[in-house]
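Two complexes, one shared chain (subunit A), two partners (subunit B, subunit C).
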Partner chain A sequence: MTDRLRRVGRRLAVGVRRVLRVARWESARASGGVDRRTLAAGVALLLVAGGVVGVGVATGVAGLDVDQDVYRVGVDGESPYTDAIEEAPSLRPVSARSASLGDSADAVVVTVVRPGAGDDGSIDAADVEEVVVRASDTRKGEAAAASVREAVAAHNERLMRAEPNQTAAFPVVVTLRYVGRTTGVDDGATLGGSGGGSTDGPDGGGGGSDGPDGTGDGGDGTGDGGSGESSTGDGSATDGLGSADGSTESDDDGFAVPSIGGGAFGASTVGSPGSITPPFPFTSLLLAFAFLVPMNFLIQAYGSSILDERTNRRGEPLLVTPLSPAEIVAGKTLPYAAAAAVVTSLIALVVGGGPLSVVAVAPVAATFLGATFVGAMFARSFKELTFVTVGVSVLLTTYAFVPAIFTNVTPVALVSPLTLVVFDLQGEAVSTGEVLFSTAPMGLGAALLFGLGLGVYREEDMFSQKPVTRKFLDALAVRLSPIPARRGIGGGLLDRDRLRALGSVALLTACTLPFVFVAELLAVAVLFALPVTVSIPVLLVTIAFIEEVAKSVGLYAGFERGVFGRIGGDPAGDGGATGDGHGALRVALAVGIASGTGFFLAEKATAVVQAVGLTDLFIGRAAFADVAGLSGLPPLALAALFFAPLVLHAVTTSVASVGASRGRTAYALALTLATLGHAAYNVGVVGLG
Partner chain B sequence: MIEVSGLRKTYGDFAAVVDSDFAVDDGEVFGIVGPNGAGKTTTLKIIAGLVEPTDGEVTVAGFDASDPEMRRHLGFLPEESPLYEEMTARSYLRFFADLYDVPREVADERIGAALDRLELDHRERRLGDVSKGMKRKVAIARSLVNDPDVLVYDEPASGLDPVTTNSVLAFTRELRETGKTVVFSAHNLYHVESVCDRVVVMNEGRIVARGSVDGIRERHGETTYQVFTDVEPTATPALADLDATTEEVGDRYRTTVPSMDAVDAVREAVGDAGGEVVDIRSREPSLEDVFLDIVGRPMPGRYTGDRGGDGTGAESDADGDGNETSETATTEATE
Partner chain C sequence: MDSRLTIAGREIAGLRAEKTILLAIGIQLFIAMFSSFLVVGLVSMYDPGALDGAQIEVAAAGDAVDELERAAAEVPGASVTPYDDANAARSAFERNAADAVVVTTRTESGRVSTAVTAPDATVETTVIVVQLRELLRTYELNERDARASFLEESPLPLPDRSDTSPYFTFTYTVLIPLLVFLPVFISGSLVVDSITEELDQGTMELLRVAPVTLADIVDGKAAAAIGIAPGQALLWLLLLEANGTSVANVGPILALMTALTTLVVAVAVGIAAVAPDRQAAQLLYSVAVLVLFGGATAMAGGPANAVARLAIDSADATTGVLVVAYAAIAAAAYLGVRRVVAVEGFGR
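Moving on to the complex of A and B:
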């Protein structure tokens, strides 16, 4: 045992050493491939881009107003509006006496005295003073007048906030609570929570202060004039207002209102109803996006390096060294992964992110690299590689960025690891389950992408000009083993070789699960905005299709590449493939059942995520949880429910497998049939639920 | 040193190599000859462990060809040798020495010796800036950095100028002196003839002849005799039976015949015509002639359906001992 461990350790050490060697040379080669002028131009571009982003961020965060002193407003020094205008950044007060409308001023604040009851023409108590804003008859004048009105409103609000008696200042208090579209978060899910601020339990959707009729119950809680907080009888929290600095906190449960974005970009939680904007963590999102920008440069260099090995067969000599393809690829990837880690850490340092940001971005970077690796292995030219890298950039940036926009709106946002970055930048706590939920699919997906690419990292595929689809099928088929023919009646049905071959089928299908997971969540994210009557049926069919493709595409590759014998065709060379009609049908059914079983087991393996608390999330429950009311069922019914998906997967995949064994058209038809069957099952399950 | 048995490689329905068997001895320079698409490169790549055979076994230096450990004993030179053009010759070779775990001092010594012998200048210049011949030499040096027992060279002198070609061929001959086993492919038969001890001739995936160069020549080539006369020989039935051909060359006539008996018949015919024999020359066949003789005949189709061992495949055993002749060989090529 010790010897074995020692051997494994030694082999591992050798592997690491080889990887590091390739990495070292790859770094030297990559740096040698860029001449100094190009490098200087690249650095200059980066600096410019960084400067633009920096200025943008500084503008938002540090309050560098670009609209400073845009309008000149004439106002007398003793006018009560002077303060309001002076405090408005966009307005520059000028003396009303010397102001000439349209010339030295865009607007003028004047006090007009209207005659009262006395009609002697003199000013008396009955006369009425009226403040009028006169603006030049230009678009700028109109804008200046509007700015004056806004400045006065803001000034008034500040005055009201400064009032010691807040109840008098704000006789009606409205507490805003942003809740998700689903009800699952109401039980205290931590998504978006500000950590520790929650004081109330589930509100059950009733009696909360967020309804139109719930606005009056907080009034009595603010009578202390301080920053008091009262709990209403229904358990929901209603914040008091007016802490010493005039700011307030919204420490309600559920979806916390962002502090960073709100503060910097106008989304506020306190004020008159007209000035309150929905939560939108703009600054955090912008900063989170900064993590993605370097990836796009990185994958260009990485993809070029991989394709460079393939064009003109430069990488062929590497394949005759004692290094395995995995060691070569790991060595070639390591410098780029390290660069991504360093850049991510630096960005995190600059924008104020912590280790969570780095951990969250790591699988994104790995997926960028993994997808680029597969693309570079499949592309036949640099032209195709360009399409691949652009596609990878757009797709992954969209996948990472768009859900993060809904960081404080819906749990689906956690589909993207970038949401974790937004949370990190907002200083909000996230649970381990949320981190795993957000990062594991992408991390696993990246690993599988590298595995897929490694399938064609061999002489026969690397240097050939096969179409992408053929290479994709090659990459899948290389992971499969031929199903040995049965030896004798009843003998060898489950012998070791057959089991191993069927196991390779099950494993290949199981490996598709992260992609299925991501694709299904993406489908949910895309469809959730549609009306339920449309989105649910479409979603059920889409999910059925995704799963049926995932289960059967490997089998199709196996039949296409001759790993399995085709029905009605000759086996493609090796003795393992069964060519006669009955034998081929048996193989098709066997691999179909194996694939369905692999998928079922992988699905059940995701139950592990429950152990780490993923199902605290509504979406986690939706994806993995049990059917409600199971506890009351007898064991037989429970077993039937548990194994029903196994039967489904085995049957539908067998149908698709038989189609795949007969050719492309038959596969397409069988896949359609399997999808419809699967969708019908889904509809049935939803109906039962 | 190398054993190949029952080797077969198919791509779908296409058979690149069919039922190849041969063995290469220690310290031998072994040639694989054939036209483009004959299966030479595929065979070499299978030996180098780059391509997995569909069927058959290949062992190199006692290891299965698919065993990564085998690659420590092998140096491979592909048909094309694009290098990492941003590296210098020395750094490129050091990189590969590193991958073979060769200590730096030993690597530098080997690299220096190989580059000296190959007369490679500009060692510190980027490889993108050196000539094709220089690149080929660097690639050859790369195949030697791990001091392998077996060298597999695919068309090592292809596309090079005559000076570099001679240099490369001379270097290959020297490798034999140092005890290396070299498997060498070429479609330029002069290269094979000048370097190899034994050859196999491949055509359309099959080995169609094998043995020493001289043995193959003897078996497949015919020594011809050219009889120069001052008059045209009389067209006698005897001459027609001897398959003689006569051409007018300047003020003489040249009659080519396959044997000395035929020469006598020509002499007699010329005498009957009132003339006399001016000169007689013999001409040995080149490997080129042998090759054309072998592969110039109609061969079976290239698809597996036609290559099912139906006995139409033909192979000659130039050694004459019958040991290396495959079962499907007929006497067609040896007759």
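Moving on to the complex of A and C:
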């Protein structure tokens, strides 16, 4: 036993040493590639640009106003409105006399002055009796008129802030509090504990005492604006205040009551009505984005390095060494992963994130690297790699970033690990379950991506020029093994080889689950903004399609690559089950059922979803229909409901499998059929629930 | 001339064979779709007027209920129901009969203290808070008017509200510049890849054996990269046009973006010539483009702003001058880089 352990330990040590050796070589190579001159040139460029922009900002020439001067507004030189128009970047004042509406001006400010005013040569605000903005009758005119109104409001706000009599300037003081309803019909929509610390208050307080408690607070709050903060009492409010990270510029000079902007849910905000900010973690989100920026540079270098191995057969010497492909790839990836870790930690230090931020970004970085690895293994040239890299960047950035926008709004946001970063920057508590839910699928996805790419890390694929789709099918087919033909009539159905082959089919399909999960959640995230009447049907069909593709694409690869025998086609080349159409049909059905079963098992393993309470959300319930609570049904019905998806997956996948075995067109047709059947089933389940 | 066209044709044939250009257009479409989705999503959260008939119900109690009701009459999308006291208003909120509670109290200092309660952690919260802010600001304006005599400077009267689409400004100032400039970056990146690949695989040597000069090679590759850019931009502009967004000054916009493509391609050729390999070249190119565009956008009258003003038809003489200036800079940069490369060769 100890002997065995020692042997395993020794092998492990050898592996680690090998990986480290490749890593050392790779980092030496990479730092040689990006030599000092290049680095110096890059740094110099950045410094020059930074200097120019800095000087520009300091002197007021520069400003990131993309909407500068897009609307032309006619206004008289003496009009008190001239200042307001000039201060707004998007408006350009033109002389009202020479302006013609719709041609050289989009809107004209017309003031009606009180009779007698303006005799002393100047007109001020008090003399203006009425103001009318005449706008051209286009969408542009309307937008210009709205901008004028905004500009005047902003001008007034600035004017009032300079007022000595602040009581008259800001006569209304607002204390805003967020309170969870403890009763009510749409209780299901207030989303459990997953909304972060904010919902803890009412939950912790217990149902009955909340109502009167809240009223008491309100009474306090009205007494003097300040006590709104302390009276909330349950810690969540002070948390929120502490993390309000100055996202609104300090617009309260000389103002008695502090105005708090950018607060999270649960924070009380006190200030004038203008200082109320809707619960939107803008600054935290922006800072979270900073974590993604270096990834784009990193994957460029990484992708280049991988593709470099493949051009001019440069990687061949390494392949013939005793190193296994996995060791080579691990070694080549290690320096980049380490760089990602270092950069992420540095950014976390700078923006004030904790270890949670680093933990949350890790799977994102791994997925960036994994997707780039697969892209670099499939790409035929640098040009193709560039597009693959850009595609990876765009897709992953959106996937990570878009859900995080809804951080405080819905638990679906936890799909993206970046949401954890936002929580971390806001100083909100996150449970272990939430961390797992957020990071595990992406981490697993990254591992599977590396697995997919490793499948084609071999001579015949690395140094050949095949289209991306064919390489993809190759990479899938590598993981399959042929189904042995039945030996004679009495050959058992439970033949060991047969089972192993079918098992590999099931495993391959099960491995697609994280991607299915990601794709479905992305679909949910995209569609949830739509009205429910539209989003649910579209979602059901989309989900059915995603699942059907996931279950059958491996089978299609198997048939295309000749791992499984084709029906009516030429006999497969390398050891595939050949023979009459009958046998091939049997193979198609068998792998279809195996694939469906694999998917079913994997799906059942993802009961983790429940831990976060995602199923509380109606749209989430549609996506993960079969894990929603079904208590209260008789055991038999429950069992039927439990196994219904198994039957469904097996049937639809068999249909797609038979199609796949007959060629591309048949596969497309069968896939459509399977999707429709699946969608119909989904509709039935949602109707039932 | 012929040999340059041959080289350009070979470049484009390569792109077609790999279908990379389709991938590029797909990526651009995705970016455009998602940035629109983002903005539509955000705007509908922040500007409930954009949501059809978003109407919030406010339960009000306290000293200034009447004034609050008057303010609500001016604000579309908010209505106020008076309650006898704070407890009644709160229980209405608990019963879901109201979306928010506002309790007003006049203080000795002369201010009105307003305690607002909004529901926690639902999608509607943002909408409710935005509407509440609108309501309270209107109320503040009215109160301020009543105290105008105590103010040194009276605020300017506001013009009437007008209906406008919140997406309008976004479409012209962000979406159109984004779509117009994406092909620019892609073209530059293509040139970097194309040149470093030839150097890497040794085919550049073969090309040098053929009766073409280095300047011809650079011209051919640049022509292919610059040639595919305006077509993509035009495609986006036509798509927007079909979608109901009229874009003015299409000619000048395309001229501007072609000039910028030339400039970026010149930078790309220069970088590919000096950088030791593709990895370094792409890295330098990304940094350079980031610097170039970041810096230019931050300047008044940067290319993004110029495109926005051209597209929205607010261009003036300075915008025209700007387009000409960009074209001149681009031509000078390209000719300079071409000359240097022709003399020095690709230095490795």
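The working rule: the second predicted complex is superposed on the first by the 433 of 689 C-alpha atoms of A that agree within 3 Å, B and C clash if a C-alpha of one lies under 4 Å from a C-alpha of the other, contacts with A are read in each partner's own complex, and residues count from 1 in each chain.
Just so we're on the same page, a residue touches a chain if its C-beta (ideal position, glycine included) is under 8 Å from a C-beta of that chain, and two chains touch if they have at least 3 such contacts.
What you are looking at is a predicted structure, and each value in this text was computed from that prediction instead of being measured.
In the superposition on chain A, contact of A:Pro322 is made with subunit B only, not with subunit C. Residue contacts after overlaying the shared chain place A:Arg18 against subunit B, while subunit C stays out of touching range. Using the contact criterion defined above for the overlaid structures, shared-chain residue A:Ala28 touches subunit B, although it does not reach subunit C.
By the touch criterion defined above, A:Val131 lies against subunit C but remains apart from subunit B after alignment on the C-alpha atoms of chain A.
Look at A:Glu142: by the touch rule set out above, it reaches subunit C but stays clear of subunit B.
In the superposed pair of complexes, A:Val172 makes contact with subunit C only, with no contact to subunit B.
In the superposition on chain A, A:Ser345 makes contact with neither subunit B nor subunit C. Look at A:Glu459: by the touch rule set out above, it reaches subunit B but stays clear of subunit C. Once the two structures are superposed, subunit B and subunit C can be ranked by residues of subunit A touched, with C on top. Of the two partner chains, subunit B is the only one that A:Arg313 touches; subunit C does not reach it.
Shared contact residues on subunit A (touching subunit B in one structure, subunit C in the other): 33, 312. Those residues of subunit A that touch subunit B in the shared complex are 18, 21-22, 25, 28-29, 32-33, 312-314, 316-324, 458-460, 562, 572-574. Taken together, the subunit B residues at the contact with subunit A in this complex read 10, 12, 45, 48-52, 54-55, 68-69, 71-72, 74, 76, 78, 80, 82-84, 86-87, 91, 95-96, 98-100, 126, 139, 142.
Every residue of subunit C that touches subunit A in the complex is listed here, in rising order: 14-15, 18, 20, 23-24, 26-27, 30-31, 34, 37-38, 40-42, 44-46, 62, 86-87, 90-91, 93-96, 101, 103-105, 107, 109-123, 125-126, 129-130, 132-133, 136-137, 139-140, 143-144, 146-148, 150-165, 168-169, 172-174, 177, 186, 189-190, 193-194, 196-197, 200-202, 275-280, 282-284, 286-288, 291-292, 294-295, 297-301, 304-305, 308-309, 312-314.
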